[in-house]
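You will see chain A twice below: alongside chain B first, and alongside chain C after that.
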Partner chain A sequence: MTDPNLSPASLSEEIEIPESISGLEPVRSVRSPIKLIYDFVPSPPVQEYLRSYSKKKILGHRSPIDGAVFVPPRGVDPRHGALIEESVELSDKGHVGNFCVTNLPIPGRDDLDIPYVSAWIHLDGANVGFLGLVAGCENDEVHIGMRVQAVWKKEEELGNTAENILYWEPTGEPSVPVEKAGNRAWDQRNE
Partner chain B sequence: MSAELTAVLGVGQTKYSSTRGDVSIAGLCREAAYRALEDAQLDWKEIDAVVIGKAPDFFEGVMMPELYLAEALGAVGKPILRVHTAGSVGGSTALVAASLIQSRVHEKVLTIGFEKQSESNATWALSLPQPFSVSINAGAGGYFSPIIRQYMSRSGAPELIGCMVAFKDRQHALKNPYAHLHQNDLTFEEVVESPMLWNPIRYSETCPSSDGACAMVLGNEVSGDRAENPVAWVHGTAMRSESNNFPGRDEVNPLASRQCAADVFKQAGITNPLKEIDAVEIYVPFSWYEPMWLESLGFAELDHGWRMVEDGTTSLSGGELPVNCSGGVLSSNPIGASGMIRFAEAALQVRGMAGDHQVDGAKKSFGHAYGGGAQYFAMWIVGAEKP
Partner chain C sequence: MSKSHSFRDIAVVSVASYQTKTLSEVNEVQLMADLISKCRNSAGVTQEEIGFTCSGSSDFLAGQAFSFVHTLDSVGAFPPISESHVEMDGAFALYEAWVKLQIGEVDTALVYSYGKPSAGSIIDVLATQLDPYYVSPLWPDCFSLAALQARLLLDKGLITLEKMAEISMRSQKNGFDNPNAVRSSKDVSFENLMNEPAIVDPLRASDVSEIADGGCAIILAAEDKAKSFCERPAWIKGIDHRVDSHTLGVRDLTRAPSAFLAAEKAGINTDRLDLAEIHAMTSTQEFILEKEFGLNEKTLVNLSGGCLASDTTMASGLIRISEVARRIISGQVDRGLAHATSGTCLQQNLVCILEGE
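== the complex of A and B ==
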């Protein structure tokens, strides 16, 4: 085996550096942060979804094929390639399908103290989860199946954004059994 | 008409490290490509086409790098093709290259995967804010941690299985001169005491950020017959993908993974993977994915994969099914190359050219890559003999 630390012979030929720059220190790296600002135009179902947040409502889309409810609504059931036109208003209560206790800060979220809990929230009436912050309890109290409800921003601060929900807090209701939590609920519905 | 028999004629890798400050992306790729050609004993002009893969462009911020890399890879005037499948890309790229031989479009193809993580920030590139959801996911670890928690809950695996995988792979890496992490004095206690990043994932149970490239030269049956060095014959290739969020999705054991494995084993005529495969290179960026994939791929019974870790089955030191003898993704992770390294290491094993991490007498081996939210899969089986 060739020594992995040596450059292949044909790649390490001597390069002649012009005299005018031969005394300068070589540049090894240049760090140049970049930023891209763009306008996001949501699809009609997502526009409806974001607008409904300003009224403290969460919308989902119900599949015409088997009644599965998706949130956020995307206008299609990707499993069947079917268009969805039926919106449903979902509860702002649900359960923790799964979660992560994160010890890393996130750029742009200086408001989040670490460690924090990000969780897949499965709303009552929805058949997929979405990500949300769980707070209002100790991190080690969070568990799969824990019942939670949305804590909304004050009325005057509401906008067309999912960020209207500050976090999800425990309701104190009995937990959903682990074997029926998250995505596993769908399989059992069809059994 | 059956597919053309396809052989791995040469493998080339760079020494994986946190920063290859001495070379550009082009220099890095050329180094791996040169070594693959050297191994295949071929010249640039004998290559018909180049197939290249890497992680998304915004990692390094170089858009469509395949265009500027054409010269460095000897592809001027030849077809060059770019493959995009997130973390599984190294594997998918090799499979696209193989398909060009199998379909008799080309006779000899150079394929390469690379990443220069020192010029990029993968964790935050994977945490782009989206207007329709809240921004709280911290990189790949934040995504995979809940899935690992679910596996632990479902299987009843002891808490330190992940640490055992991490320690084993770091021991394997000591036998691989190309591996990034060479932690000679690492103890199991240090792995266990490492800080929690994304509970239940410790820092020690995650992959490093690496610079590196891996290349292979693939050829048709005639090229394989003529090669002076031993070749690896391709016995099966399969790719599958699925959406990352749908009702009833089994995130621990995705349907696409199970179907991909079933397809590749069927092509290779393998009915008992544990008995018939001699060496395995699977994509394990977080330690717990070793037992999870062993189950999904059919090497272990459901909920029992962790027992193969616990009893040493997956260790190079006398285990029945050595897994990631190279040290795996846990010891080297140039993302766009990581899948191809798995495929290339599988080939090295059946060629008998894996050096100190060789599995004695390996005749059939398995290479695997996954990507996205554990939703893109690429797999191949290679053998010392023709299929």
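== the complex of A and C ==
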């Protein structure tokens, strides 16, 4: 039986190569490049969200089941598989529900110095977190419950994209108690 | 099926499907949230009562990694559910659910599948399922490969261009009563079909499937549970799937031995078969499958119009099962065959025999 621990080169030595191709370098890999092109059309809720977002408005979706507000809106309450049609405008203020200090760079984001803080921002009026960066303070000052506000791009740089908020900065307001911050409030709501 | 095992009685109790040329702005989550809730509501069942959920879809079709996880938003996976997925047509997801029900751990299952081929190039997507060393880099499209198969059938004298036109005509006429049919016509003429130019010689436009966006949801239930959800459940009397070689060159492309075997193992019995819904991308593949199943004039074929009327990649096979099941549930027919295929030129075949009491 072939030893599975042998290197590919030593495996190839066991193969009897026909005379016509002996002496040639063995083929060890094959490249089959695949390129597929798609036309992705965002669904109406996503289109509405992106258009509003370019005007510094954050839209959420209110569940018809229990009124929970999801952001960004996806047209459905994923807990129940129920379609959502009601949009609500949310504040660009909220609190840090949870956060992470990252020491690895993001490919393509050379502008981002490490370590940086990414966080679930719980917008006032929303029931789920909204992903963003926290800056404008020392990383070790970031804490669960810290009140933050969006720092938007300049007017002329806004667009139909998820990149309109540069980061979230502390407001200096009193923090939300840890036991009421982020998804902990969600759990209490469901109790 | 082997008689040495005792099988549980399992039935299709509810179906919902939708197909259209292009969904454009409706995404998979919205499409399936609508179909899944329709399907659950008509059985009067909530997600919490469903023991197992299984779906079929393709990331290559959606152009998105783990796209099926996203589509779970349409199911309502909270509280957490028992769930699985196959990168195959939904008919194969139904097979997995059927096995799960046979094991006896659960009594109900939700099966669904969907596809939006309009977002990309379906012939390129399907080329990626071929042998990655020798065939896929050549990017042969599915209709050209089916045309090679059709040419073999013609040259061997097994089929005629007239017979192909008859199959296309049957599909377009049957599709007229199907709201999901994208291509249908009450008064399509045989002469017009014969005069169509070939698009991939010898196949004419009417000989190849009409690619459509869409999806399908089905609820399965076992024994008394099935009877409580549905007045006349469509009982799965047999289900089997078999595979031929992936290598096109070693197969006789005029045959589909795996389809013959699957039908035999599923207990086809053509003397008592009111309806057959066949999953085939071309008139010629429909012909091959009719021959493999040994269908006679007692059996109506593709009352829905089949894939020549509407073909939703990843869902067409499950839709065949739903088309047979809904006609049994409504009392229109008593016993039918639903077929699903996967791979190139009928490589893999699944046969499901359904019957009402």
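FYI, the second predicted complex is superposed on the first by the 152 of 191 C-alpha atoms of A that agree within 3 Å, B and C clash if a C-alpha of one lies under 4 Å from a C-alpha of the other, contacts with A are read in each partner's own complex, and residues count from 1 in each chain.
Operating definition for what follows: a residue touches a chain if its C-beta (ideal position, glycine included) is under 8 Å from a C-beta of that chain, and two chains touch if they have at least 3 such contacts.
For clarity, every value in this text was computed on a predicted model and none was experimentally measured.
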Based on the superposed arrangement, let me know which partner A:68 touches: chain B (first), chain C (second), both, or neither?
first
If we overlay the two complexes on their shared chain A, which of chain B and chain C does A:109 touch? Say first, second, both or neither.
first
Per the contact definition in the header, classify A:79: touching chain B only (first), chain C only (second), both, or neither.
both
Once the structures are superposed on A, label A:118 by its partner contacts, choosing first (chain B), second (chain C), both or neither.
first
Return first, second, both or neither, reflecting whether A:168 touches chain B, chain C, both chains, or no partner chain.
neither
Compare chain B and chain C by how many residues of chain A each one touches, and report the one with more.
B
Per the contact definition in the header, classify A:100: touching chain B only (first), chain C only (second), both, or neither.
first
Shared chain A footprint, chain B vs chain C, residue numbers 34, 40, 42, 78-79
Which of the residues in chain C end up touching chain A in this complex?
24-27, 29-30, 33-34, 36-37, 47, 60, 63, 72-78, 118-121, 124-125, 128, 132-133, 136-137
As the complex stands, chain A meets chain B at residues 1-5, 7-8, 10-11, 28-29, 34, 40, 42, 46, 49-50, 68, 70, 72, 78-79, 97-104, 106-109, 112, 115-116, 118-120, 127-133, 144, 161-163, 165, 178, 182-184, 186-187, 190
Within their complex, state which residues of chain B touch chain A.
13-15, 21, 27, 30-31, 34-35, 38, 61, 118-119, 123-124, 127, 129, 131-139, 141-142, 145-147, 149-150, 153, 177-178, 195-199, 243, 245-251, 353, 355
Note: in the complex, chain A contacts chain C through residues 30, 32, 34, 36-44, 47, 74-83
